[in-house]
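Below are two complexes that have chain A in common, paired first with chain B and then with chain C.
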Partner chain A sequence: MNQIDPDQVQVILATDCGSTTTKAILIQKLEGVYRQTHRGEAPTTVEEPFADVTMGVINSVTEVEELSGRKLVDESGRIIQPASGDEGCDIYISTSSAGGGLQMMVAGVVAEMTAASAKRAALGAGAIVMDVISANDKRKPHEQINRIRELRPDMILVSGGTDGGNTTQVVQIAELIAPAKPQPRFGKEFTMPLIYAGNKDAAPLIEKVFDESIDLSIVPNLRPKMEMENLGPARDMIHDMFLEHVMAHAPGYDKLMGWTDAPIMPTPAAVGNILQRIAKDKKINVVGVDIGGATTDVFSVFDKTFNRTVSANLGMSYSISNVCAESGMENILRWVHFDMDERELRNRVKNKMIRPTTIPQSKEALIFEQAVAREALRLAYIQHKEFATTLKGVQQQRTVGDTFSQEAGGQTIVDNMKLNLLVASGGVLSHAPRMHQTALLLVDAFEPEGVTHLAKDSIFMMPHLGVLAEVHTKAAVEVFEKDCLIYLGTCVAAKGLGKPDKLCFTFTLRGDTLNESGEMNFGDIRLLPLGPEETATITCEPSRNFDLGAGPGKKIEQEVRGGTVGLILDARGRPLRLPVDRPACQKAIAKWVDAIGLYPEPEEALV
Partner chain B sequence: MKHSRVSPLRLLFLLALVSSLASATHGQEADDGVVSSPPRPPSNLRAVDYPMDKGEKIDLTWDLSLDDPENVSTYLVYRSRTDKEIEKKIADDRKKFIDAVKTAATEGLFGEGWKDRMADLTQEQLTHVREVRSRAAERAETTFSSDPTSEDNVYKFLGTAMPGENEFVIDKLDGKKSYTFMVKAVGTDLSQSAGVVTEVGLTPVLQWFDGEWNTSGGRFWLSIIILVFCGAVVFWILRARSGKPIRVRKIAGLEAVDEAVGRATEMGRPILFVPGIQDMNDIQTIAAMTILSHISKTAAEYDAKIEVPTARSLVMTTARETVQASYLTAGKPDAYNQDLIYYVTDEQFGFVAYLSGMMVREKPAACFYMGAFYAESLILAETGNHVGAIQIAGTAMPAQLPFFVAACDYTLIGEEFFAASAYLSGSPEELGSLKGQDVGKIIVVFLMFIGITLFTLAALTSANPGLSSIFRNMGDFLKNVILT
Partner chain C sequence: MAKAYTPGLKVTNRITHRCRRILPIDGEVLVEVGDEVGARDIVAQTFMPGDVIPVNLANLLSLPPADVTECMLKQKGDKIEIGDPLARTKGIFGMMKNTYVSRHAGTIEAVSEVTGQIILRGEPIPVQIDAYLAGRVVEVLESQGVVIEADVSFVQGIFGIGGEAHGRMTMACERHDQELTADLITEEMNDCVIIGGARMTYEAISKAREVGAVAVVSGGMDDQDLKDFLGYDLGVAITGNEDVGLTVIVTEGFGEIAMAVRTFKLLKSREGDIAAVNGATQIRAGVMRPEILIPLSEEEKAHEQESGHSEGLLEIGRPVRIIRDPYFGMIGEVGGLPAEPQTLDSGSKARVLEVALDSGESVVVPRANVELIEG
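Up next is the complex of A and B:
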């Protein structure tokens, strides 16, 4: 890979090879600022008959080339580097989730401890975790061996025991994997990569257990002490293995790896990377969500701790039936403000599952799809909260004052009150007909508390920027701020519950374009116009039972940012509780839909 | 000191006086020249067994004296004595008479205040006093006489009823004895009518239910409280059985059991379980065994080593049985090692010394202190903390709780400790029972609140005696009748 001087970089080309499409973006330095200028898209060509991922890359880059008028591919079909005049680019980078991305199996001694740490390492590295094997997973050894045989992961991560701790059960886990002889997904002739990140004392014993059919790599323990998690070395090794084994064996990737200026990253790892970078630079807490057809990824950075979860069965097309089954049709329908025939809805769900690329053709279909999305996002976020926890098995420090308030370890670190930025991506969110719909989808599903900025990834650019951040942080951050995120606005929501129509909070807004004050009663939601790039100072005084971030009943004063939607004042309470009675629920939803202007009637055509 | 001697004449006079006292009845007639006009007696005295009592009450009713109310100041109520009571009364009277005679004889010898001068008497004088008293006693013994069939001996005075009242409840009767009753009217000049007596004896009968609701000692309110308590327990058990979920507050200490065992597993160190220092007859030790069962099952599942040193041999035996059963339930009977559950010593500090040493040497990753603990609590908890173990304690000893809370990661406090069984098992019966007991506790708290409010109001309204007494009476009723 070429040595890059960040100050000399003028043109950056980035691609993301997805399962179905390969997306290319062009970033150029304009008037001293990096901006995303053009975008191209082409079908991914990793499968037969092409079986060469670079073909899709070249096609998408060619589209960018045509749109920008800049020559990026030479006659031999290679990306031109470095840039000179109207030709080529200084940096070329790529991510990949083709062929289902990186699929891993992880193992540890105790499911909630070393196995959970191993899972966090794998998910953080952008993998999909197919299964977690542990000593206490209630399965008999033969069942575990069977399961390992059934799975065809790209690689395996084994952990277990603190340094100087348990060796017996760590070796026992290895002894389950060795005879199972797991086969890699790609390239049967290649050996299965296995990363050992457990008790260092057990490493020599682990080496003895595996023969040459396993490519064993030993990295420092990801849980050297119970009080400490060290995921970095394991994650780095996963990336290396991803390139060496998975990518190298996928069609065309060996060629693509030769073109890029930074290692190809799994797409989710790149998304996580840019979110972490932004959270660190701006000192904020961020939650990002990417809702796809089969899975929903949730990323969070709270107090510098990054977590990612993949809800494998929550999606808007292939997994839509599962969303309905898991949530229940009545829970989905509570978001719909008119009567719908449940039978017809079920047919609609199945149709979406077998024809995943269809999009809603009527307002009713759109409203229903967005109702399903709310539930999918809500469930995915619940799973994320359960996973993103403090470490378990850690000694607690108490005082006598804790007599009646002893909290168990392993509490979630996700705190909506601390959340500063909520970023949406994925078809149903990014391509909603109105941004208002995206904003309220996020508010309903994630229930942000206090003051939270809402944004969406305009063209799912985060993966590109995640890799770019590795080689040119400044460019990545600038593009993220200016072109990647479309700010929808800010949500100001009170935590707590009260009686309907009783005062929730009062507000006063002072800004260049918006000066307003008023009262919000419990159950109300209101949208105030505050355009992109506009800011205002809001002063809110909640009533006794409500909290806006400073504590129950305490006043807050904060700057809010406008967006394409505006400023949402949410006095519906947290946790958000919809009326159980169906007509009352419909009435409440209808009121909220009207208040935000989600589904306005189309204006009559002028004749 | 000079002592006067009693003349024989004076002694005779005293004896006569005491004798007349002994034979006197309470119905002595008025003298000093006042003419007595006793009222006519009440009539038709009826005795019936008191309904719904515990067999010690009888209801008396009578027709009022024809002189009521003009010449009746009160009614005197009597009951018959049993033979033993008569014997006892006569014996008591005899003793009193003899004592009086002895005292009179001594006073005749030394005058009043002789007791104070006893210390100053010479040996000779003391001998003389003893002889005088002995002779007086002998004389009184022969003089005393009492007729067992006399009214005074046969009937015992119980109480009075006001004019116009014609009923009286007699309590504290023996349910195995038969009684007759007598009522007399007392005139305004304190003269007494002849007594009216019930014709046949009556024995109070033990009823199936002591249902008095407005007097102390009844079982009416107790039965209501029991019904509510048991009803709540039964209701919640049935509700739990019907499949409706029962929400029980999360108890961090019990939730953390898996975490503590997991830590021990990951660190490859043992788990230490100390079941207190009391024997198996202590309820806390029994509760500890319930928790040990759960912990050892988890340890068996995780393949962790659990060590249980005990201070009582019986506790060791029970713990062995408990842990063995848990390993069997977990499907790992072969992993059970009874040598890890052993007896150390009955001596409190010998036991603690052993445990502290063991903890420092073996550095267990998880320590459980469940049961009755005394002064050793802080020593154990601090040692455990020092070796870096996750510590979970549970005890109902209030004095030890602050130490455990400060030095342990989690502490089960009193009730939580006893609720652990239901919490851990999750069985509908146990959870329902737990919930039902909670309802009972809520009722108790509610009644305490009512009582405190009533007495506070009584104190606050002391300027208005009428209102204050209403609150006080209500409070007294709650305290003395409902809750007694």
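Up next is the complex of A and C:
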């Protein structure tokens, strides 16, 4: 990899090799500021008949070349480096989730403690966790061994025990894995990488358990003490193993690795990376979501703690049927403000599952698809909240004063009242015909409280910027702010419940373009115009049952920023409860749809 | 721009089809290149390592793990039968000894002094792979399996459940748009691949299973019927391992939908022939669709191959199927390919195409919402 002087960098090329599409973006320094200027995409070429990822990369870069007029690929089919005149780039980087991404199995002694920490480490490194094996996962040992035999992960992470503690149990876990002789997903000649990140005293015993069919790496314990996690070394080793083993065996990646100026990163790890940097730089709490066809990833940074979850079967095409099965059709239909035939809908859902690339043609189909998306996002966020917790199994010293607020370990650290920025990405959110739909999907599914900024990733650029941040932080942060995020606006929502049409909060807005005051009754939602780059100061006084961030009944004053949608004042209450009675629910939804202007008649449309 | 690419399902009278028959782990290939094989002939075999049973002797005999080795009555590598004494404690002054008698058969693979656990490995499990498709072996992949080639009539379905099966093709419906109901299934359809027309009902599939049919193929089915038949709601489209007594293949989609005329005619023309069918469907990462393969006889092979369009090319005049509401299931020809994106009723902008329906009507739909009927 080339030595890069950040000040000399003028042109950056980045690709993300997804399962189906390879996306390339070009970043150029224009008048002293880094901006994303062009993008291109092409089908990913990891699978037969091409079996060479670089073909898709070159195809996507060629599209950028054609659009920008800048020559980026030479006659031998290589990316031109460094930049000179109208040719080449100074930095080339890439992420990858092709071939299903990084798939891991993790194991620990206790499901809620070391196994949970191991899972957190794997997810944070961008992996899909296929299964978690632990001594108390309610399966019998032979069932666990059979499961390990069935799985074909890319690598295994084993943890267990605190340093200096009992060694027997973690060795017992290793003794389940060794005879199962897990087979890697790629390549017969490839030995299965296994990372041991458990009790350091057990490491010599673990070495004896595995033979040459396992490539064992030992890293510092990811849970050295009960009250402490140390996930960094395990995550770093996962990345190293990802490059050395998984990427090196995926078709064409050996070539691609020789081209890049930074190690290829799993796509979700890169997204997590950029969100953590933004949270740190701006000192804010962030939640990001990426809803795809098969899975939904949720990322959060609260009080500097990063968490990522992958809801493996919550998605909008391949997994749409599973969303309906998990949520129940009645929960999906509560977001639809007209009658639909359930039997017919079940068939439509399955047809989308088996033909995942189709798009809604009619407004009715769009409304139903967005109803499914609300439930997929809601369920994924519930799973995230359950996973992103304080450490379990920690002994806590209590005083008499704690008697009435005894908080056990394992409380979620996700606090919607503290959430400052909610970022959306993924087809159903990014490609909604109106950004108003994206905004309300986020508000309905995540139920932000207090004052929360809403944004979407314009062209799913976060992965590129996540890996760019590793080599050129300034460029990554500048592009993130100026081109990656499209601010939709701000949501101001009251926490609490009340009686319909009774006062929830009063508000006064002062700004250059928006000066208004009024009352919001319980059950109301309102959209006020506040455009991109515009800000205003809002003062709200909630009724005594409601909280906007300062406590029940306490006044808040805060700056809100506008966006392509505007300012949403939400007095529907938190938690958001929809009427159980179907006609009443339809009426409520219809009122909200109308208030936000979700589905206006298009001027000229195909029927 | 008058051309665009879109995927489609293959329905063809004649194609040279290859299938790979690969063992899950290395083993022995039993045939050679050039051999003619029948669908049920075994072409490769191996033995999977036996099941693993961990037995924690330290816990069972209340011993410190380090003492387990010296209490063992059998050693690493020894074969054990059910009822064999495995280990015995030393007791107190040689008295009150405890013996552990094995509840499992197998070979001792490991004894751990750290955990006091022994690992018993069961007998190797034989695995055999049949040819599935009657044809000629064209490639032997050493220790792994073979590639078999045959000239076949080939129909790809859109969704299926159940795995590989073979049987004689028999028609239950007379028309492509006739619903497949239970009264059309007869006892004579035992061991057959039953061909329906439009939607197949739950009662029809259940009856097919009762009479011992190996597979049912029809245009559509209700998701509710699939749920009732499987006994659970299918979440993701990864199928093939269902143990439901027969293979079910849907050629068009879910709901009230007739089989494409072309597919129906092709299947009808091969009535009485032996077909290899597989319901396995996988929509993610390496798409796999269910299939019906009907090997051609020598005289059929001599016929001219029908000329087709370029694969995947969406061009004027090509037959297409609309795969999304509000025109779901309708079949027609590409009538026009406007270059500019248009606003849909949903409010989205998308590239569209005009479809001249078989009914004579012309409709405009997003290009993403059609698939080619390949042939």
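Keep this in mind: the second predicted complex is superposed on the first by the 602 of 607 C-alpha atoms of A that agree within 3 Å, B and C clash if a C-alpha of one lies under 4 Å from a C-alpha of the other, contacts with A are read in each partner's own complex, and residues count from 1 in each chain.
Note that a residue touches a chain if its C-beta (ideal position, glycine included) is under 8 Å from a C-beta of that chain, and two chains touch if they have at least 3 such contacts.
As the structure is a computational prediction, the values presented were derived from the model and not from experiment.
After superposition onto chain A, the modelled positions of chain B and chain C are compatible, with room for both. Of the two partner chains, chain B is the only one that A:Met113 touches; chain C does not reach it. Of the two partner chains, both chain B and chain C are touched by A:Thr168. Contact with neither chain B nor chain C is seen for A:Cys17 once the two complexes are overlaid on the shared chain.
The wider contact with chain A, measured as residues touched, comes from C rather than the other of chain B and chain C. After overlaying the two complexes on the shared chain, residue contacts for A:Arg348 are found with chain C alone; chain B is out of touch. On the chain A superposition, the C-alpha centres give an angle at chain A of 100° between chain B and chain C, rounded to a multiple of 10. Shared-chain residue A:Ala376: touches no atom of chain B or chain C. Within the superposed three-chain model, A:Leu275 lies out of touch with both chain B and chain C [touch as defined at top].
Contacts of A:Leu366 after superposition on the shared chain: chain C is touched, whereas chain B is not. With both structures placed on the common chain, the touch criterion links A:Ala294 to chain C but leaves chain B unconnected. Shortest separation of chain B and chain C in the overlay equals 5 Å (C-alpha atoms, whole Å). Residues 167-168 of chain A touch chain B in one complex and chain C in the other. If you check the complex, the residues on chain C that touch chain A are 7, 25-26, 49, 51-54, 56, 65, 109-110, 112, 114-115, 117, 119, 121, 158-159, 222-224, 226, 233-237, 253-255, 281, 283-286, 323-326, 328, 342-350, 352, 364-366, 368-369, 371. On chain A, the positions that touch chain B within their shared complex are 109-110, 112-114, 135-136, 138, 160-162, 164-169, 223, 226, 392-396, 398-400, 402-404, 406-410.
Across the interface of their complex, chain A is touched by residues 250, 252-253, 255-256, 258-260, 262-263, 265-269, 301-303, 388-390, 401-402, 405-411, 413 of chain B. On the chain A side of its complex with chain C, the touching residues are 19, 47, 99-100, 141-142, 145-146, 149, 167-168, 171-172, 175-176, 178-181, 183, 188, 205, 209, 294, 313, 318-319, 321-322, 324-326, 343-344, 346-363, 365-366, 431, 433-434, 599-600, 602-607.
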